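Letters A, B, C, D and E name the chains as they come in the text, with residue numbers starting at 1 for each one.
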């Protein structure tokens, strides 16, 4: 009995076959997932989307909060603290952070287990009575009115969400801080002050509103990158999503799957760009009339 | 010329603002602090236009911003002197010593400022109307509807054509001259008793500059407020000012009525300045171009003069 | 408190490839077939050469007359087929005469009465169909083993048979007539005789029952159901269309209708989770477990924490953790399970000398090795004396197993605990290295690259130990180690005239207890046509053909174990004398579960595959 | 001078510079700090003190202890410094060269060439970085060259973008017009006037990227496509600690040394580059100069 | 059409610009189709004689810089002719352009962006000489010091970087760089606009000195009529890409013909408090834009001669 099995065709032959398939709407067969690539991507997408969105929202809010704080208190202690916090996050290997999270929150405290659901919840979800509307556990649990499953899925999401948030908040905070510094230097902020508006109004209404503009673009990109880059987090927390899948297919050189994933990522980028383009005029009236 | 110093803030009846021995330094905490304004004094009376002139970097803007108490945002601090201002209720306040909260309440309502560059001084994401009304809502506690009406009236006051429509436009939809008018409208909205204009026309085209100057003059006649007009263009000074303060390296080297300063400049620097001013028509009877009859200003001589 | 009572949560790192028993060939995949399907015979617990009835009500033997030897040397195995066995799903005839497939467990008595005969009911015809299907599908070598049984080793797979029969180069060129002819011959050897199925072998094939009991192609399917889901209908003319199906296009890939104790409830391939549900009407009585959830979790820390918290009932664990786990409360470790699997370092010669980075300069000049480097027996012996077996067994394997003594391991015929083995002996190694290549080798040294499949720290450690031993014997002996994906390693060995890898560390194991025959341990290693022979180069094959093959043939020709055993023991010794391979250690098994899990039966020849039927999960 | 003054005012940046300096010294003096043994094939092959899988705590033989497989952690950390510099600087240097060349060519030729090159940049940008790097490393095999190539292949785009936009910006500066007016050739313009001015943002980006590339390389090792077994590489050593991060029940930090030393090395290395990059950006930012 | 009449007919003009047209296409949409066109320079003709200053005045965006840039071969004109020393430059081979570039230099408005921040003053001054390979490094360095002296800066400044200088000093360095190759033509595009009045006067005096000494022809671009009055021999007034009035300085200032010239003159603040203007000409706020639809065909209005040296364009009806 041979331990492993599977000799692959040369890459270029697989690629040619794949291109042919894509043109006819077929992304090919994933050896790793043992199913068509498109099916695999589609069934994993809700999980990753759920994770990323849940991480992205606090990430964005935190980045905006911390970044504007740092900008306002430039070179004073809040700025230093935030700067150190972000630079630490920036320099910390994700997997170390993730494993530490696992150590603390699962091993020691038994709060946030790995995986997507506990077995009992999994049994409920797979049973015929539970309708899989979206594939995202939290939303499906709400739609099915099953609070136990909802809580359980949140518990499973907590650790990866915290990890993702911490790792990604650094870069966005930096952008926000730079942007805030930039805006605080703008003449219109001076105008707002000269009008006698209170400090908070000046900083939060006039400065932050404008500082959000570059952040919107970056955040769109960041979200897209997160959608394609949650590889390590998902691997560590045994969270069956696209990142874990992509990592596995990449290591196995499962080309149809890897190429399919690349295609998916490109689509995400395009869609994110589109969304940013749609949101941007709401934030910046200068864009609308162009 | 300079009112006697007194420990309790007092001002002669007709004086709106008195700057006394004002000293402003940058980066005060580090060793290399820089004194941008070095003990200047001047007054502005009710309805008067005082021009502050001087070369670039002489401290004109810092003076203006300090009166508004805005320099502290750039890391500067008032290291000496007083800025006395007569408020609308008749009381006299020392702006240099007020708490931030008090100053916030005075900015825009008692005194206001118009900056040089109308392109960047308006917030691009809010409508013109909002930006004018904002201060009104804030200082006078008006409802948004009332504030909008005031904003509209102010826009009309600064001769913005088609004011109703402009109210809901964003700054980028306006031309440079229009924007500067909007800036003036913002400054005027709460009818302050003092308006500071920091080189309001430098960024504008010559033809537009003339309109803004006309506007300022007209407004002053209509509302009767005091104006501190900062410029380095002696031509502009000649057109708008009642009195002139000439600044050099953070100090005021000469103060006088506009007629005196132009006709009989006393300080060497002022003389050098006036000699360098191109005057339209001065060449009307010359065939070939001629160099400026420059008086060279040498700092040493000025120091010697000051010592006399 | 017990988490998930009644559900056995099984966390491993492997994955099931397909649920078609005829398709699969590896141990992890066999977990599906083993638990979902049943075969004619089962292994008797952990015994690898004893069988118990399953779908066959008796185990054929010479004594009970179910094995009959013909005068022409042919042998017939007869299996009486159990009656009244139903599959998980049965065809129920509705009022409109249409047949629908329903879960047998859910049927009312009235519906049971409406079951269309043969539809989901296991008949001798289904057994015959299943064996034919496995042979004709030709996909997996585990199914091809049945072909070897039926032809008594003449053909290793159906394609060979067709090619020989039709005298064509490849299977694809075969005419319909040839295909039909092969089918007919085959069909004449697997016959239904009343309630029995008989296999007619042209010659003796000692491993027959062992193959029949393996949980692969011998698993019994319901012919009607397979046909109803688009599989082969049993016709001798249409089988080509079902030869070597695409994995995903195979109708049995993710669907099953077995007769085993468990049913496939869900297979979430993206979540890599398989849920098995108890089949209440299993013919041997329902299993104790209600559900089995098999989840692939690659990260050890995650698996471990889940075991400790009781979220997992079984986890695949790295060996270095078992001592610690055995001391952990709530965790049970069954340790020291034997395996018939051994690990070795394979020498190959002559090597590919055409643009082969592994052999450096390709000359005996210190910067490389000549292509026939390992053709020199002193080199091989030197290498074998340079390996630190004790260190490996004590440190890498924590003393839980023994050094491998050759192709035949404990439990396999011909194994003798006192056969000679190599040990780490720098002096002896030096002696042999000095003899090799007329002493030149010792002076100039060598440099080459050895390969190992990546992600395997134990095998890497074996090379690492060898590397250290070599360079300590002579600093000029430089063996580089390179870890590659299996496909690349395989590429350097398989399907080429000369292997490119001078030295490869790998593992092999037999599939039945007899070391002889096409799939036996001895053949694997010591036959010119064995798998190792196929990889280790012509030099190796020549050595095998000359010295080993005659003995192998002699043993296989005999039905008498008493004749065969000494020959196999001799072969084992010869593998030492000729230093054919660096035999490292015998693999061993261990099982880490929660303490409330009982009933695991380890069977070596099944490679410890979990039969969930006897497993129980107690409630604390 | 200016640099020293900046550092005196920014102790955090000073710390960054000192850490980086320390790493440089460690890299230089690696043969003295951790002398390779005579029978090692390469100094990067970490010596092992046996084959036991369970790590051993620090002792006089192995002052940082040994990791899984008895690889000497101290040795790995010391020589891993060289590996980190090789990968970080190698990836960044090649990326900067490639990116600058492409960005410069695009900006210089404009038109179709620019369109094509920038579309290529876009395409590479739309590739999920880590997954693509994984695939390429898996294809090329283990080792620091494959890692370097993979990280470079998918990491040069930002330099191309920044160089292009800087060139387009600088091209409109009057000193360029002046130089063109006095007859400077295009090559002279680019090499002498444009590139030196365009390189500073690149420098900042490159400095920050050096750290993050080392992080990415270690992530590759973590995901199983890094360096050869036993190669002195921090990522590999962290990967070895993966199974040991969580100690035995009751003693969760039992194997702290397996993660602490290589983890700290990666973290400090990345941190120091980030701090230096941050400082560089501050220094080069005209708004920060007084 | 000959719009320009030389001051001294006897001499040959150094620069002859005829019917210069420069337009910029505005591209829009995915495929970059031309959605509009900026008629930056329309049909501009003028001459400059050696030692003469021609001032080009007009509002922002009227095309002054584009004229300068087209003349300096930095923008590509759509049509017209530019002759330098009698030699046609438009469509000329590289060597001709190179020779021209040695003899014509430009000074820009913004002293902060006119010097390469990464080059010392000396390197900036030497670079043009290097480009044209005049002499050894030593002679070039000597020349750089000499040039710096000419603009009244000390040779100590040679080793410094631009950021160490004030705007006025930088502008003088730019002038020194422009002088490095002994040019016969200098184009000064708003070269003094950003300077303090005192510095501005100094720089203008310097330019006039240098012009007198070296017989340089100067194209002086400005929007400040008062400055122009002092420096120019002749004046050309531009409006929406066209020269609407051109003539000898005195004639244009004392006798402005075109309404736009009058408007320009009337808006100049008079630096004399005794002569404050009372009412001014009514003016529209917006500055007209030269942006046109792609199919726009400009209407050409004829020029009228006022005097031997003074021409004015006919005012468009309505």
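Note that in this section a contact is a pair of C-beta atoms (placed from the backbone, for glycine too) under 8 Å apart; a residue touches a chain by one contact, two chains touch by 3 or more.
If you want to know which protein each chain is, UniProt gives these names: A, D = ABC transporter permease; B = ABC transporter ATP-binding protein; E = Glutathione import ATP-binding protein GsiA.
The structure presented is a predicted model; accordingly, all values stated were derived computationally and were not measured.
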item: Shortest contact path, chain B to chain E, counted in steps; value: 1
item: Any chain in contact with chain C as well as chain E; value: D
item: Farthest-lying chain, centroid of Cα atoms versus that of chain E; value: C
item: Interface with more contacting C-beta pairs, comparing D-E to A-D; value: A-D
item: Averaged-CA centre spacing for the pair chain D (ABC transporter permease) and chain B, given as whole angstrom; value: 53
item: Chain C and chain D (ABC transporter permease), separation of their C-alpha mean positions in angstrom; value: 45
item: Intercentroid distance (Cα basis), chain C paired with chain B, Å; value: 92
item: Two or more partner chains touched - positions in chain D (ABC transporter permease); value: 138, 224, 242, 245-246
item: Residue list for chain C, restricted to those that touch at least two other chains; value: 299, 301, 305, 308, 485
item: Where chain B touches two or more other chains, by residue; value: none
item: In the complex with chain D (ABC transporter permease), residue positions of chain E that touch it; value: 69, 72-74, 97-98, 101-102, 104-110, 113-119, 124, 127-128, 131-132, 174, 177-178, 180-181
item: Residues on chain D (ABC transporter permease) engaged by chain E in the complex (per definition of touch); value: 173-175, 177-185, 188, 192-193, 196-197
item: List of chain A (ABC transporter permease) residues in touch with chain D (ABC transporter permease) within their complex; value: 11, 80, 83-84, 87-88, 90-96, 99-100, 102-103, 107-108, 185, 225, 228-229, 231-232, 235, 246-247, 250-251, 253, 258, 261-262, 265-266, 269-270
item: In the complex with chain C, residue positions of chain D (ABC transporter permease) that touch it; value: 38-41, 48, 50-54, 68-70, 138, 141-142, 224, 228-230, 242-243, 245-246, 248-249
item: Chain B-touching residues of chain E, taken from the complex the two chains share; value: 53, 59-60, 167, 196-202, 204-205, 208-209, 223-227, 229-233, 249-250, 253-254, 263-277, 280, 283, 285-287
